[in-house]
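Chain naming follows the written order as A, B, C and D, and within any one chain the residues start at number 1.
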Amino acid sequence: MSDRSQLISTGEPFKFDQERDTEFERLIKRYPERESMILPALWLTQEQEGWISAEAIAYIADRIGTFASKVFECATFYTMYHLHPMGKYHICVCRTLSCWLRDKQAIVDYLRDEIGIEPGQKSEDGKFSLEEVECLGHCGTAPVVQINGEFHEEMDVEKLTALLAELN
Amino acid sequence: MSAKVKTLERKGSSLAEKIYFVEIFKGMATTFGHFWRNLLDNSNLYVRHYPEVEPEIPVRWRGRHRLTSHEDGTVKCVACFMCQTNCPAECISIEAGERLDDKAEKMPVKFNIDLLECIYCGYCVEACPLDAIRMDTGIYSVTDNNRESFVLGLEELLQTPGAFSEEEYKKGGA
Amino acid sequence: MSLLDILLVAIRVAFAAFVPLCFIAVCVWMERRGAGFFQDRAGPNRANIFGFRAAGLVQNLADGAKLFFKEDVISDHIQHKFYFVIAPLIVFFTAVVSFAVVPFADTLVLNGKSYIMQGIPIDIGILWFLALAGFGVYGIILAGWSSTNKYGLLGSLRSTAQVISYEIPMGLAIVSLLVVYGTVNLNGMAQFQGQLLFGFIPMWGIILQPVGFLIFVIAAFAETNRTPFDLAEGESEIVAGFHVEYSAMKFAIFFMGEYIAMFASSAIIVTLYFGGYQIPFLSTDTLITYAKPVAFLLMLGLPAGMYFFAGWIRKNNVSHYPRKNDPRVYEGNIYIKGFWGLVILLELILFAILLCKSGGAAAHIFVVLLQICTFLMKVTMMIFVYIWVRWTLPRFRYDQLQKIGWQVLLPAALLNIFITSAFVVALS
Amino acid sequence: MAEMIKLFVNGNEVEVEAGKNLIDAIGAVGIEIPHLCYHPALGADGNCRMCLVGLEEGGPPLVPACKTPAAEGMKVLLDADHIKKIQHDVLEFQLINHPVDCPVCDQAGECSLQDYYMTYDGQKSRMTVPQVTKSKKMDFGCGVVHDQERCVLCGRCVRFCRQITRTGELGIVNRTDTARVAIFPGRPLDNRYAVNVVDLCPVGAMTSADFRFKQRVWFMKKERGVCHGCSRGCNITIDHNREKDQDDLIYRFRPLFNEQVNGYFICDEGRLSYRDENENRLTEARLSKTTISLDRAVTASLKEFKRAEGIVILISPDCSLEQMVSIKSLAEELGAPLSGFSDGYIKKGDGDDYLIQDDKAANRAGLTALNIDSSQSAFEEALAKAGLLINFNNDLSLFYDESSLKKLFKEKRVIGVTSRDTKLFQMANLVIPVASFTEYSGSIINCDNILQTFNRAITKNDAPLDMSEVAALLGGPLKTNGDRYDKLKKIVVSLNDFNPDTIPATGLKLT
């Protein structure tokens, strides 16, 4: 587990766009306490920007009316929130038991060779980023790879080659 | 009382011993023997010809203190005050300050040892968690003309080299 | 009163006053070097003047200078400053004055007039000594009390009790001696001891009164506060006892007082038990008659003695470690030359006596000088015994001290009186 | 007195207060349950697991003592083997990534982790993998320096900022072994009670930049005192030490628990006010810029009294009641009007709803209780008539600007009796040094009309006199503390039933 407390600052003020703004206002009515809105707001941000910057956290805190440190806590606790910019295609390889037994390492090794990045890195052209994640809940069809939220089950190197060619 | 008691007979129970005089004269004969031998030939005296012939200082000898340093010459001491806390003579006074190199957080900005108060017990060496203070300089003669010069400062303590090699010291130096 | 009378009075007073003072240096030197040799070490031998150490005597000068120039502290808590200051002086002066009655030579007869050779020409002799030796302890008591210090007070209390316990056996030992000698005059006692017992044994007090001698010596040790009776000082338990608050010259006066007391007490012991100034088998009259042969024998003996002395110096006055051009050898050679010079001077004086008329004034003076030398030699030996005992015996415990005083010495002294009296009555 | 219940600790029956949790209830009778995250002011959090105790019969076998209310007949196990193992294991867990840099840590000596390790753990580390490293010496603002490695994540500081100051600057970020206390970038600690987190922190993770490396805590003597920074009168612990060949110096003030007055905390301003006790002190009397002895200063002032055409005495609202009463009698003796004029001490709008008060005078209620007039008009009227002003440590420069002060000092002779060598008193003709509030015993009344007594905490090498003693030297009739207290009783009626030693340590609420 790596240290996620170093936030990246864009230097520009963050603001929800029109669509997320309406969504935020819609969602906030569903919770009895405004603080419950922290996680959805972080999701909205990630949807909008692809990652969460320091300014975004401050914005959310002010918008909800809570302490920035609280939003900060949440954003660093959950690893699904990206605290630095990701590639256009964010590839998550499950590394938990079932996938590991079904040789997820071959997939990771292949990706490492093919794209030239280690897990946790982003390719130089900004197209791909690779991450090893904990159980994605598709153990029955392991190994599983998730690309931008889309699951690809029973993955092997051949399937992945095809998939990468498609993405390229 | 446990079983292992050994009773020794008390000496001096004979009459001659009880009268004392015989024993006194025997004792005086012994001492006179020494006197006479030394008077006739003083080359056998068990003495060290000190200022002319310097004594050999063993590694365990607790001499004047010094502060050790890292290889780059910076002080090892982190001003933890363990030596000052332990000192039974209260001869050490330290002032701590922020340390800016990465070696530690804290360092002494003042480290004074008042040699006039020091009793050379070596507790400071024992207490030091970092082997920063040692008494291995081999300096046994500390003399000066005024009280102030007996207060050793940080610089002086750092500049004094150890008298022994590291291997020798490791065997059990002070 | 002729000029000679005045001169002789001056000489004997000066002798009685200055010889003890001079002997302080000798005593201290003997004590230090002696202690060294008893304990297989060297004693003070580094202080020097231009490389001349005089066998350690220069150390005394250094100490004297140091004590003289040290700060003389009188602590604020001391309330009776007068007593505090007077105490060491009492110790010192009683010690000096107690020597004044000791004869250091037989009566000098010049031009038909006799001159007594003692500081104060009084007949009470031994009583004077007893009185002053007892009075000297007041100095110690006063010092301890006026120090307003518990160690000081303890020291002086011990001293008080000790004096009470030991004055009595001392006095009783002297009583039996008085029965033997039949006089209290010390010169009379010395003259008495010039006789021979059965024609070949010197009639010294130690032979007539061996038990009395032991009792007197023990009591004298106690009286002078010397080991094994120095409980008043007891540095191991009461740091320095009565003189713990004293510094500089006031301390030095205590220190010197102790050595003068030791000298005076040695002189008394010599006078009472070792024939005083008498040379064994050579009574004053015999000496005067045979002045020339004695002088001649001395002329022969002196160079012979000097020869061995020079050899001893050459052997011992060297550095016992590797050293280039050992300055001690040079130093020793100078001493040897000096001593040879002294021997030659003495030889000349003795030669002059040989030239003089036999049985005349020169012979008388020669005998007096000879007796003074004898006396001082005996005293020095007694002082050596003091030192010897000090560096042999440990200090008594306080209860042991009192037990010996009351349960051993007192009955022994009384018994000694009875036996002696019985003998004297039976013999007369 | 609260309702008492009986329960068993290790089989022994103890009587404790009802309605408290086990740590507080059993702690009150002297049995300590180790805890790191619980603090009575912050409530239970239950994250450290250090306070797990066993329960015999009924209920779960293991409960966190901080979350479990004491109940009648409860059988609490503290020294059972499995409890000891828990404590032992929890400590081993806490120390996995702890740097154990006690020699350089300021907390050493008052560190819970250190104490508990010695009491409950005492084993060598079994870890073979490298420790997780985190940031050290982080500036959190407000004089708080944070060391993430030493942190045990008890969350006391986080809860303090969220519950007490409601500023929430701190949070625990990340998870598992990389979790750490941090501030949100660009939003450092910014409240007037921030340094309290240093006291709260059970380990050395939070250190005060002001106290950092100044002293090891075991060298310091600790005395109770009352802060004179404002009219709240917070209870403090005065940590002071006389280093070799030096004067007795105060190194820090720490809050001291007093439920009636300040609870567990004090404000940062009050905490730092110890500096005034060490610095810029007046140590010697001065007559027109030349140093003189106290005796001569007293004679000089008596001469001034004779020469003056009308005297006015000005008293500081920081004085203790005893001092006020002595000065009041001195004023009566001299026939001089006495004023407690001190409007300058009130800083409008500076106070808050927690501890800090607008009124920076420690004992204004005392002035009122002793019927000392403190109106501006009366003071200025009296001053206009008088030729001599005796100022007992009243900082006039808080109200008047420099030019009007200069004018005043030009027209009048001024005697200053003060503990501080400020610009104001440098202008006075004669100044006499007196003790500051840590150096005398006395009593003050705070803004809630609570009378608190305090004792002399430190004794300087050249200890200056108490102001009431100076008043006595200047001719005041009250020579001893007994006299002063008797007079005080006559004026303050509600003190009648009390003596100085029967006033409770937590203060006496005056009616």
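Rule of thumb we're sticking to: contacts are C-beta pairs under 8 Å (C-beta built on N, C-alpha and C of every residue); 3 or more make two chains touch, one makes a residue touch a chain.
None of the values given here were measured: they were computed from a predicted structure.
Undergrad: Name the chain with the Cα centroid closest to the overall protein Cα centroid.
TA: Of the chains present, the most centrally placed is B.
Undergrad: What is the distance, in whole Å, between the centres of subunit A and subunit B, each centre taken as the mean of its C-alpha atoms?
TA: Taking the mean C-alpha position of each chain, the two centres sit 67 Å apart.
Undergrad: Centre to centre, by mean C-alpha position, how many angstrom separate subunit C and subunit D?
TA: Comparing mean C-alpha positions, subunit D is 75 Å from subunit C.
Undergrad: Would you mind pulling out the distance in Å between where the CA atoms of subunit A average out and where those of subunit D do?
TA: 50
Undergrad: Just how far, in Å, is the C-alpha centre of subunit C from the one of subunit B?
TA: Each chain's C-alpha centroid was found; their separation is 43 Å.
Undergrad: Specify the contact topology among the chains shown, as one of line, ring, star, complete or other.
TA: line
Undergrad: Could you run through all the chain pairs that touch each other?
TA: So, checking each combination of chains, I get A-D, B-C, B-D as the touching pairs.
Undergrad: Mind listing the subunit B positions that touch subunit D in their complex?
TA: Residues in contact with subunit D: 78-82, 85, 90, 93, 96-98, 104-106, 129-130.
Undergrad: Mind pulling up the subunit B residues that touch subunit C in the complex?
TA: It is residues 21, 24, 27-28, 30-32, 34-35, 38-47, 49, 52-53 of subunit B that touch subunit C.
Undergrad: For the complex, give me every residue of subunit A touching subunit D.
TA: 1-5, 7, 9, 54, 57-58, 61, 66-73, 76-77
Undergrad: Touching subunit A in the complex: which residues of subunit D?
TA: Residues in contact with subunit A: 134, 158, 161-162, 167-178, 180, 182-187.
Undergrad: Residues of subunit D touching subunit B in their complex?
TA: 101-104, 136-137, 212-214, 216, 218-219, 243-244
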